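Have a look at these structures, which come just after this line.
Below are two complexes that have subunit A in common, paired first with subunit B and then with subunit C.
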Partner chain A sequence: MRRLPVYLVLDTSASMQGEPIAAVRRGVKTLIDTLRTDPYALETAFLSIITFNTNAHLAMPLTELMSFKEPDLNASGCTALGEALELLSVKSDIDVIKTDQNVKGDWKPLVFIMTDGAPTDDYRYGLAEFKKRKFGMVVACAAGRNANINVLKKITDNVVQLETADSRTISAFFKWVSASVSTSSMKIESGAETGLLSELPPPPPEINVVI
Partner chain B sequence: MSFTPNIPNASVNKEYSYLITFPPIYHGIVISGIDKDEIGLEIESITENSFKIFGTPIKSGTIEIKVKYIQEGLFSNKSKEEIFELIINPDPRDLWKDLPVPDDIEYKKENEFTKCVIPQKEGLKNVIAASKRGRSHAQEAKSRDDHFKITFNPDNEWYILAVADGAGSAEFSREGARIACETVWEFCNQKLSENQDFDNAIIAYKQAADSKDEAKELEARKVIGNQLYSLLVMAAYKAHVAINKEATQKERQAKAYSTTLLLSVVKKFDFGWFTSAFWIGDGAICLFDMNNKTAKLLGIPDEGEYSGQTRFVTMSEVFTDSTALFKRLRFNIVDDFTALFLMSDGVSDPMFETDFNLNNYDKWVEFYKNITENQENPVDLSHEKSEEAKQALLNWLNFWSPGNHDDRTIAILY
Partner chain C sequence: MSQLITVKATDGTYFDFIDEVIGSGAMKDVYFSPDHKYVVGFFRNNQDGRSIDRLMNIVGIYRDKIFKQAGGDYFKDYFCWPEKLVEWNGKIGVVCPAYNKKFFFESGMFKGKEKEGKWFASAKLRNKFLPASEKGTWLNYLQICIRIARAVRRLHAAGLAHSDLSYKNVLVDPQTGSACIIDCDGLVVPGKYPPDVAGSPDFIAPEVMQTKTLKVGDPNKALPSIYTDRHALAVLIYMYLLYRHPLRGGKVFNTDPAKDEELAMGKFALFIEHPTDFSNRPNYKQISESEMPQSDIDKRPYTLVGPYLKALFDRAFIEGLHNPEKRPSAAEWEDALVKTADLVVQCNNSKCDSHWFVFNNNEKCQCPFCGAKFKEKVPIFNFYYSKSKGTFRPENYSLVIHDNGPLFTWHVNRYVTPNEKINAKDKVPVGDFHCQRGNWYFVNRSLESLWDFSNSEKKHIKPGEQVELKQGQKLLLTTEEGGRLAIVQFSEN
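Our next item is the complex of A and B:
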């Protein structure tokens, strides 16, 4: 079976403490609960969570939705976005099954990155590694005004922004990610992945597309 | 820090068993929240501190398991209560909806269709075929896009088999597939009834092949090739034209009617079975013979050759290169065979996955056994059972393959 790998790369630095990280926890839970009721997603989507603060961590390895349990997310430390991109690259190399003569490999992974700040590490190596891999849709979300959009723009053309990083906007973001995974797991059947934001459901008013 | 058990998720209709063991400082543990009648799971105490949750869940959702206990303290015992969550996944099979297609849609077609053809003559083979709307279409109240037509003409003893798979992304592909099957059938049936030229060319070829004279055989092969071209390729071209005509009449683009086509004409001669095929798009046509241990694909799946890009009868570029069209033609003369299969990719994708597997005889044996020895819906391919077999084949098309829920169509000459 061709799986649809989905990577959530989430900022858990100190600035996310309190309401934002609680909203992220709830968001991940809602995301899983919603996708569990979608037959396409339940059969094909596999989810992994990478968090980053002073270092990058694999909070949840690539797991089918059936067995997925939300990891406990806590906020502290700096913002090692570069290391997160590097870990994502390494993990996707191991996780994603390539097509060979006997099996059709996995679909190209979807990646959703969320950060509320600017990288505190030298992100260039991680970014270069990330760019070497073929991902499907990559969406970067700047949560609040302190996120560095220019850095996110270097990762992907698909950058969205939340005006503030609070429970309302973060919840809206995760609902939109959930709808996007649903749509993608359905659409891959008919082929044609362009990796453009226009393939996803239109974002709600809380989410601004950065052009 | 309090104790947090890592309770694995359960799933509806899947047997579940998990042993939960509390730390020794927990006493008088009372667990509630697991109701057998409501969720299908029960809990049993194994020792004072360990409990087994087991059973087969009947309802999905997040269950809150309440645990009351006394925690032994240094100076006093505290009565405590904690809540643990147990997630029960739905059975994906229950999530797929089977919504009826609205009555007022253009080009309405049955959600499933099955047919068998039994020639009334000793030594001839039967044909069964079945086609079923995919779960992805049923989920959205959309129509089946696949189509097939199978016949045997008792006057000239030709079998004609056609399967077409309307493209999922094309709005009226269900009609494109129907027009394709009907048009190629009509054209081939008329051509084969008109005169004996094709039959004679086949007989001449067989004689040339038997003579072991290579030049003669090559010459006769060319004649057959030309005859086949003017039969099968022209039939497909007629389908192309007919679909374009319909599109033009409705002021639409032919693309909206995109469909693949798998076409085969077969006849039994005194010297053996003549099988021929022409195929545009994905899916598979295979001449399968268990006695000689061979599985011959009668064409090249488009996917392999053209890197992921399926071709459709509606594309005019398909018909502009006659050399390429010749390459799509196949014919064989064999003493006998087990089965000739034509199928849409709704069947070949989940069953074979890759072109490499489609060319692997062992995979075809597995496939054949999957049909005939299936645990849930076996199809008895013995001759006298063809009437029953067509329904069984339709049931077989319900096979479960995660991520593969396209329309499914298969025709078997056996």
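Our next item is the complex of A and C:
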């Protein structure tokens, strides 16, 4: 059975302190709880969390939903988005089973990136590494007005924005991620994998699609 | 407090619902009626004239075709069928009966979730997450399959195709062997309303998958139809009885997973248990432990389902896989499933979680699920039918007899079938079997013309009398038209 790897790449820099990081923690918990009662996600989805502040950090390796433990997320430091993309590339090389002539590998990973600022590192190397790999759906979320949308646009065409980074919007974002993973784990097998946002459930009103 | 809203339905009646969304599906937001006996689902998108016309027919003439005919009430438990069409704030809504309580998990970590079929058809979910109390026995799955086949047969007989049969659209309750087809608002009338969707992954017919990139209107584009329903039905039955997918084997068709999937379910679809082409057999090295032993086709070959279903699987996944007209009809599945239920025996191993299996008459008869040897010697009725008076031919139909087991009219008379058309009188057993100190007896309760033809002098066995069963005994069960002859055989184990 092919697995569907899902990577959450989350900004835990100092600006996320307080309400935003608390909302992210709750969001991750809701995401796990919801997916654990979805038979399609339970069968195929595997989840990993990468966080980034002054450095990128593997908060949770690719794990089956039932064994997944929510990592302790705390906010401090800078915004090393480039390093996060690099770590994501390295980890996906190790985690994701590639299909070859003899082996049916995993589905292409789903990636959800969330940041509330602009990268503080030189992100070009990380971005180049990321672009070398074949990911499935990649969604970047700009949480609040201070996120650098232009950088996110370089990562993926699928950029969404939250007007503010507060518990209401962040919670809406995680609910939408959860619905997206559910839909993908059910639909992916139809072979219609184009990586376009239109394949995911429509985002709630709190989430604006950036064109 | 949420507000109560009253809307007028297209049939002129009024419908009340509570203004609070209880759930959201892919297309609709759903609300409860005040007594929770009905739900209304409002489409989020606007429905065009054609869709509204189709929905009107689904709540109108198509519904009447199924539920207002003889035996119509029988099917109320088999479908969750839309009853009314309403409009509210410019959105179209369909009113359906709420799902029966038994189709929701009552306790445990999935409490309150719908029992969609996926939970019970997936080896991994069964092995790792599903509580034992929810799993039911193998016989329960046979009952579930009978109900699904029967419901689909009825739809097809009315000229309708479901078009998106999948374990998402069939709720099941293994504890009671129940199944209910939901999401009937996507129904297709071949030639009249084209389908909205191609179907669901795992269940899309190969010809639909293969031509899905062709434009709508292209004559070569295969659309969901009664034939594609037949494919989906065969896959459902295979998955409920064996807990693996018939086409998901080890063969790699393309190194891109999405393209590989498209070919494996479409153009190059190949049965994993194909008798001569072994190229798509499961690659055990790649199968996780959580999917074993169900994924092991050597330990659990599809032949364990017995001769009638094996023959239909051959037609569905070998001859008919790329040849839709050769696929077995829902009626054939129903018939084969009902007959298979007459072949099951209880496993001797009290810890076996299948509890039942199809009896296999040879010396080494054992449970294919747990491997326990079947020890009892049991009598079997092999049935013969008469085409012209006095001559009998084998019917390829048998009944494996249980202690305290019943005999029904549908065993006695080939013109009686246990389905929606059966009358109340025929639901009562006409006799029963008993084993006493190793000897087997049939007690006749109501067969007026049961004759034992074993000896040169034939003997009438009247209601209330009993007869001891012997190897080779010939019992004419009734002299009525359609009456069967049963020849008794004792099992060889």
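Keep in mind that, in the parts below, the second predicted complex is superposed on the first by the 209 of 211 C-alpha atoms of A that agree within 3 Å, B and C clash if a C-alpha of one lies under 4 Å from a C-alpha of the other, contacts with A are read in each partner's own complex, and residues count from 1 in each chain.
As a working rule, a residue touches a chain if its C-beta (ideal position, glycine included) is under 8 Å from a C-beta of that chain, and two chains touch if they have at least 3 such contacts.
From a predicted model like this one, the values you see are computed outputs, not experimental measurements.
Annotation for the three-chain superposition on subunit A: subunit B and subunit C clash. Applying the stated contact rule after C-alpha superposition, one finds that A:Met1 touches each of subunit B and subunit C. Looking at the shared chain after the overlay, A:Lys69 reaches subunit B, while subunit C stays out of its contact range. Of the two partner chains, neither subunit B nor subunit C is touched by A:Phe135. Of the two partner chains placed by the overlay, neither subunit B nor subunit C lies in contact with A:Tyr123.
By the touch criterion defined above, A:Phe112 reaches neither subunit B nor subunit C. After overlaying the two complexes on the shared chain, residue contacts for A:Phe174 are found with neither subunit B nor subunit C. Of the two partner chains placed around the shared chain by superposition, neither subunit B nor subunit C is touched by A:Phe52.
Stretch 133-141 is the one among 133-141, 187-195, 205-213 or 223-231 where subunit B clashes with subunit C after the superposition on chain A.
Note: residues 1-2, 36-37, 39-40, 42-43, 66, 99-104, 186, 189-192 of subunit A belong to the subunit B contact set and to the subunit C contact set alike, using the contact criterion stated above. Considering their complex, residues 26, 109-110, 113, 116, 118-119, 122, 124-125, 128-129, 168, 198, 200-202, 204, 209, 212, 248, 250, 252, 254-262, 265-266, 283, 286-288, 291 of subunit C touch subunit A.
Of all residues in subunit B, only 6, 8-9, 11, 60, 62, 87, 89-90, 92, 95-96, 135-136, 139, 168-169, 308, 353-357, 401-406 touch subunit A in the complex they form. Note for the complex: subunit A touches subunit C at residues 1-2, 36-37, 39-40, 42-43, 66, 98-108, 183, 186-193, 201. Note for the complex: subunit A touches subunit B at residues 1-3, 33, 36-40, 42-44, 65-69, 99-104, 186, 189-192.
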